[in-house]
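Sharing a structure here in structure tokens format.
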Amino acid sequence: MTIDLWYAIVGSIIVALSVFAFLTSRHLMKKLLAFNIMGSGVFLIMVGLPQHQHGVDPVPQALVLTGIVVAVSATALALVILRRYVRAGGNPAP
Amino acid sequence: MTPILLIIPLAFAILTLLLPRNWARATIIPGLVLQVGAAVLLCIQIYHDGPQDYALGDWQAPLGISLIADGFSVTLLALTSLVAALCAVYAQYFLTRYPREQRYFWPLFWFLLAALNGIWLAGDLFNLYVGLELLGLSAVGMVALTAEKTTLKAALDYLYAALFGSLAYLAGVALLYGAYGTLSIVQLSEMAAANPTTQVALGLMTVGLLLKTAIFPLHYWLPPAHGGALAPVSALLSALVVKASFYILALLWLDVGALAVTVNAAQAMGFLGAGAIFWGSWQAFQTRQIKMLVAYSTVAQLGYLMLLFPLAIGVSEAAAHLAWQGTVLHLLAHAFAKAAMFLAVGTLVLALGHGRINDFGGVSQRNPVALFAFGLSAVSLMGLPPSGGFNAKWLLLQSAIASGQWHWFVVMVIGGLLTAAYVFRVFRVSFVQTAKHDIQETHPALQFSALALALMAIGLGFASEIPMSFMNLTDFTPSPGGSP
Amino acid sequence: MTLLMYLLHQVPLPLLVIFPLVLVAFVHTNTVRRRGWMLIAAPIPMLLALLLWYGYGQPEFVTEVPWLMLGLHWRIDPALAPILLMTTLLWTAAGTYVWQQLRSGGAEEPHIARYLRCWLLTLTGNIGLLVAGDIASFYTLFALMTFAAFGLVIHTQTKNALFAGKVYIVLAVVGEGLLLSGLIWGAAHAAAGELTPTAPLLTHLPGAIAASAQGVWIALLLFLGFGVKAGLAGLHWWLPLAHPVAPTPASAVLSGAMIKAGLVGWLLTLPLGEFAAGGNFASIASLAVILGLVGAFGAAIMGVFAKKAKAVLAYSSVSQMGMITVMLGTGWLYDAAWEAVFAAIVVFSVHHGFNKGVLFFGVGWVGALSGRAATLILVLLLIPALNLIGVPFSSGEYAKDLFKAVIADLPVGLLYPIFSAGALATTALMLRYFYLLRKT
Amino acid sequence: MTTLLPVFVLATSLITAVLIFVLPERHIRLRIGLNLTAALLKIVLVAVMVAGIANQVDYEFRYELLPGIDLILRADALSMLFAGLSSVLWLFTTVYAIGYLEGAPNRSRFFGFFSLCVASTMGIALAGNLFTFLIFFELLTLSTYPLVVHRGTEESLKAGRTYLQYTLGGGAVLLVGVALMYGLVDQTGSMTEFAETGTLAAIPSEQHFTLAVIFFVLIAGLGVKAALVPLHGWLPIAMVAPAPVSALLHAVAVVKAGAFGIVRVIYNIYGVEFAWQLGVLLPLAILASITIIWGSLRALQQVEVKKRLAYSTVSQVSYIALGACLFGPVGTIGGIVHLLHQGIMKVTLFFCAGNYAETLGIHKIKDLDGAGARMPLTSIAFTLGAFGMIGVPPLAGFISKWYLGIGALDAGMSWVIGVLILSSMLNAGYFLPIVYRLWFKSRREPWPDEHIPRGRFETHGLLLWPTVATAVFSLAAGLFAAHAWSPLSWSSLIAFREYLP
């Protein structure tokens, strides 16, 4: 059991927790936060799982980097829409 | 040749983002011409030279981005260009009433196109992920365009579903990479064995993609999003966007994980499809708003796509081949027909000023072409001949007969009747002579772009040979494998 | 004379038959009262042709038009020619009667144009069916006569007339149905083996029926089907209802000529004579005799209690047709004697046609006249009446003797005296007839 | 040319349909001209093909729709019978419709779908295999729906719904049958092509049960349009449509498409001899007989003219199915010739019903008293049609019954005679009272709603002459039945080719 696998296991736990949060939270902001945490978990798995075989693998690093960019932009978009929604009189916690 | 199809939309996306509004408008037609032209050229090239691989910037996989253009992907590319082009023509006239929305529509439109093209051409699972995310974000942006409370809510729901789905997918990708050390679809399809890791990975990805494809019972986000968006947006979303995630799903089940999937799982997917057909049709039959009707119709029609899995997995090669052909044809026919239907409905709503089906009286006199387009696309959706939808249904039925799966046979036949039940609700009222209020004339371009798409759906019934011959270029026939 | 001979051979029979049909087109409501002559003119061509035909020694006279209907084959049948002659003469006479009525303005009722049209149509059918030699056209003309005669029956449009019309049409439709099934069934056997049966000739029918395993049933269908028209006991109900209400000349042709169409149908289609050899049809033949006797005497009893002279005559017709049915049945049973019986039937029917016609006219004349003239007519009417009864030296006696001569040699038991007793029945009816006439 | 002629025949009405849809509502004259030109052109083309068929020319057009499945348009003797009927009646119905709809709204839509409907009928006539037949069969459903609901009233919308429920359901059942046929029996695509003596006789006997099942599935699908009891419910309800539609629908298009399909399945797919061996003909014959009697009984109870005619159609169309079930050439001739005979007679009757409704506002039978004097030509036409339906010679209906009767006896099914005669009597029972009212009752009160005053003719000329023409046809078809160019002779040709390969 390497340290990398620990990353993956911790990542899975984070994912599991955040999925629970995502599904049970009503507030849209909370959901967004849960999504971000979930993303972190997945990234942990991504860097953690493949590493145990043959040293450092550049591919997961690159993938995670891309993933983070995507997640950030998605969060930004979600925030914009959420703000608009609230301004338009929408209830953020339906 | 291949990367041009990514470069063009991206370039125009940036162009339309940067240029002033009027200039941006002027770039649309050249952009569309370039895009369609490039797709057609690629089709011709593939037809002559066979499938091609292309490594972007000469960076080889796994770090580089590899593009694969085979018969299937060029078919989808051509479909995308055609549908998008007509939707764009429509949007040009439709959006004159929405100046603010117009500003953001075009960049999003081009990004959407780039994402779709990227997905069709992607050769590895991670590129598919990137494509999916880009697609999801631009689609959500388009839904949110009008910035009304309801559409914003729909956009948010859509966004969360898309994000959740993407992460589930990404987790699966991570597992697969951890197990096999590659993301290339070609390599994975040779390596992926029927072990728990693969199956868990596939399960995660499947759930994510089902959510993105809005397959019953995970379809909750689709009707408000598709029904609430502007007409050209709905058309693009229903015709193309949901197909992208289905495409990946099919790739996973029939190619990447062909050795890992089980017949029972495939049957379960079929039951989801059947549920979608019945539930979607029932909801479409119940709803009062015409756009919701069309949106629920999408839910139902997506169910037919899911029948691919039980019909193609664990059966004879001939039956699987039929199922595959039928599904592809259904995908194409539905894309044309549903785009046409949303555009036609958009025109009618524009003319009437509302979308209440029961108050559609008199619409046939003032907007006959739009109504006719609606009718033609409905013919294809109902699977009545002559239409692409009918040919697709025929092939699927033949596949069900060939593999002796009578339950799917029955589902498809009943599904056709249910479709008829809800589309004829619209025709019924359209024959009422007396209009309850004013009906405006609409721009002919709006009516005729819808008609052109509808005619393509019908014409596909006579030209099914073309996509089929492209399909035969790919050796992508689902393998008869699958452990019980 | 050669010219006439030429005409006789070249003028096709259909033209003679169609002529009255063409006249129908010229009947208009406004001019109808001046067009009474049409009714006289209508049967004249056929009458002339028939006389010529007799004059030239009854040569073979056949017209075939293979492309018309299911192949038209029309001929003058020498055996039936007397009935044809009687029919044309009676129609001419009755036409003259109507013409006279129209001229004197006697027929003031409305619908006179319709009356004339129906008259001409009925006439076409009645005369035509006697020359039709193929099944299809025979049935066509028979149906034309049947349906057109409805217009004659209900012409006066009184309540009774409408009721009579209803009974008439129901029985007629039933009769047509029985007839058509019999004809088709028979024709199927006559045409067996052919890929496309054009309608077979009537002359093929008896043989085919005799050869068929279900021949008895086919014969029964035909017997009953024609029996409606021939006033067969049990199917005769329309006669006493229709005759009193129909206009006098119409009653005359109805009773004199049309009723014989049913008889002609029997003669042409039933497997009589040599085809009955072997006794296959003994059951129906016996039925014919029994029904004939029931008709002959039953109608007489009913007739005596009738309230109108024309009803009496109608019952008399049923009675007389009953006697003919007895003759037919007897001839059917004893196939060797059929030739002679056939001759007797033809003579009897011609005799009955003329005399009954005159008696009907008499009702009209007596009604129209008064005083001495009426009495004179009454006296003159004794002649046809006595003829019908069959007093010595009358046509009736001649006709009956022909038959009696035949059955005298046959083992028919009581039939001979019973048949002779028919004269009593007729006498009773005639007495009643004169009684009622005098009262009016 | 021999390849494209069937396509041209189809195109004459298809292109007309498109042009009419494109043409704005106000171009009345242009539309009329277009319609009539196309109708005449089609008749000419059909005539050319009829002459060709008589001389054994093959007209065939083939186009691969799906791998192994062709769209085939082919002219054989049977298809020309139906095509000839449709093309001639299209002309008359168009003329009639022009008169009937004068001044009405939505004429562009009406005539467009009308042409489309005829195009589908042509496609059905010329279909060379089951698949092509199915395509046009469904197209017919779609193109007739707008005609049924044309008036847009609540009643017609309701009727349209019922119509769809039946016909789309029937279409789905037919689809099932055809799909089963292709999937289970015919892997090569050649056995579902219509061939003159059938294609299935060589199938091994273990598949016979499957074939029998498929047969009844196909019949159930076709039976909806052919209005076989108990699938006939749509027909009387669809009577709310305008009279030309009822005339075309009932005489030619929809019901005939069903009946024609039954004939095709029996003769050109199964082959009558094989079907007879399979034992599927007797049940169908019994069903057809029940329909004949039931339709007549229901017709007796109707008080509206068009409803009575509708039930009469239910009854009469089954003669065709019955004839097809009689194993033997004569029965075949009877069934096939009735396809045409019933068409012209029933179209006459519906034209007349339309004339009474349009001219005098008469919808109920009891209002017909004395109409003969007011509208003599129409009433003569009605009388001819009615007597033809009863089977009185020398009208067309008699010829049909004659051949059906003899055919039944040849096939050893003598009980059919009883059915025929009973039906004739019931026909008489519901038609003679109408004829009686027309001619023998006199008018006391004014007409319910007199639209068209008595002018030079009793009604609008465009309404009158098509009626008279079809009435003359139904007389001529019987009168000249033995002529070489009569429908009867043509049907005999078909029967010859079926039984003597």
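In order of appearance the chains are A, B, C and D, and numbering begins at 1 in each one.
The criterion applied here is as follows: contacts are C-beta pairs under 8 Å (C-beta built on N, C-alpha and C of every residue); 3 or more make two chains touch, one makes a residue touch a chain.
Just so we're clear, the structure is a prediction, and the values are computed from it rather than from any experiment.
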- Query: Common contacts of chain A and chain C?
  - Reply: none
- Query: Where centres are the averaged C-alpha coordinates, which chain has the largest centre distance to chain C?
  - Reply: A
- Message: What's the distance between the Cα centroids of chain C and chain D, rounded to whole Å?
- Response: 41
- Centre to centre, by mean C-alpha position, how many angstrom separate chain B and chain C? 83
- Item | Intercentroid distance (Cα basis), chain D paired with chain A, Å | 68
- Message: Report the inter-centroid distance (CA atoms only) between chain B and chain D in whole Å.
- Response: 42
- Task: Can you tell me which residues of chain C touch two or more of the remaining chains?
- Result: none
- Message: Please classify the inter-chain touch graph. Allowed labels: line, ring, star, complete, other.
- Response: line
- Note on the structure: Those chain pairs meeting the touch criterion are A-B, B-D, C-D
- Please give the residue numbers of chain B that touch chain D in the complex, ascending. 325, 361, 364-365, 368, 372, 379, 384-386, 390-391, 394-395, 397-398, 401-402, 409, 413, 416-417, 420, 424, 427-428, 431-433, 461-462, 464-465, 468
- Query: Which of the residues in chain C end up touching chain D in this complex?
  - Reply: 66-71, 110, 114, 136-137, 139-140, 143, 147, 151, 154, 157, 169, 173-174, 176-178, 180-181, 184-185, 187-189, 191-192, 195-199, 214
- Message: Under the stated contact criterion, what part of chain A meets chain B in this complex?
- Response: 8, 15, 22, 28, 31-32, 35, 38-39, 42, 45-46, 49-50, 53, 57-60, 62-63, 66-67, 70, 73-74, 77-78, 81-82, 84-85, 88-90, 94
- Of all residues in chain D, those that touch chain B in their complex: 21, 63-67, 69, 71, 105-106, 109, 134-135, 138-139, 141-142, 145-146, 149-152, 156-157, 160-161, 164, 168-169, 171-172, 175-176, 179-180, 182-184
- Message: For a test of understanding, state which residues of chain D touch chain C in their complex under the given definition.
- Response: 329-330, 333, 387, 391-394, 398-399, 401-403, 405-406, 409-410, 414, 417-418, 420-422, 424-425, 428-429, 432, 439-440, 442, 478-484, 492, 495-496, 499
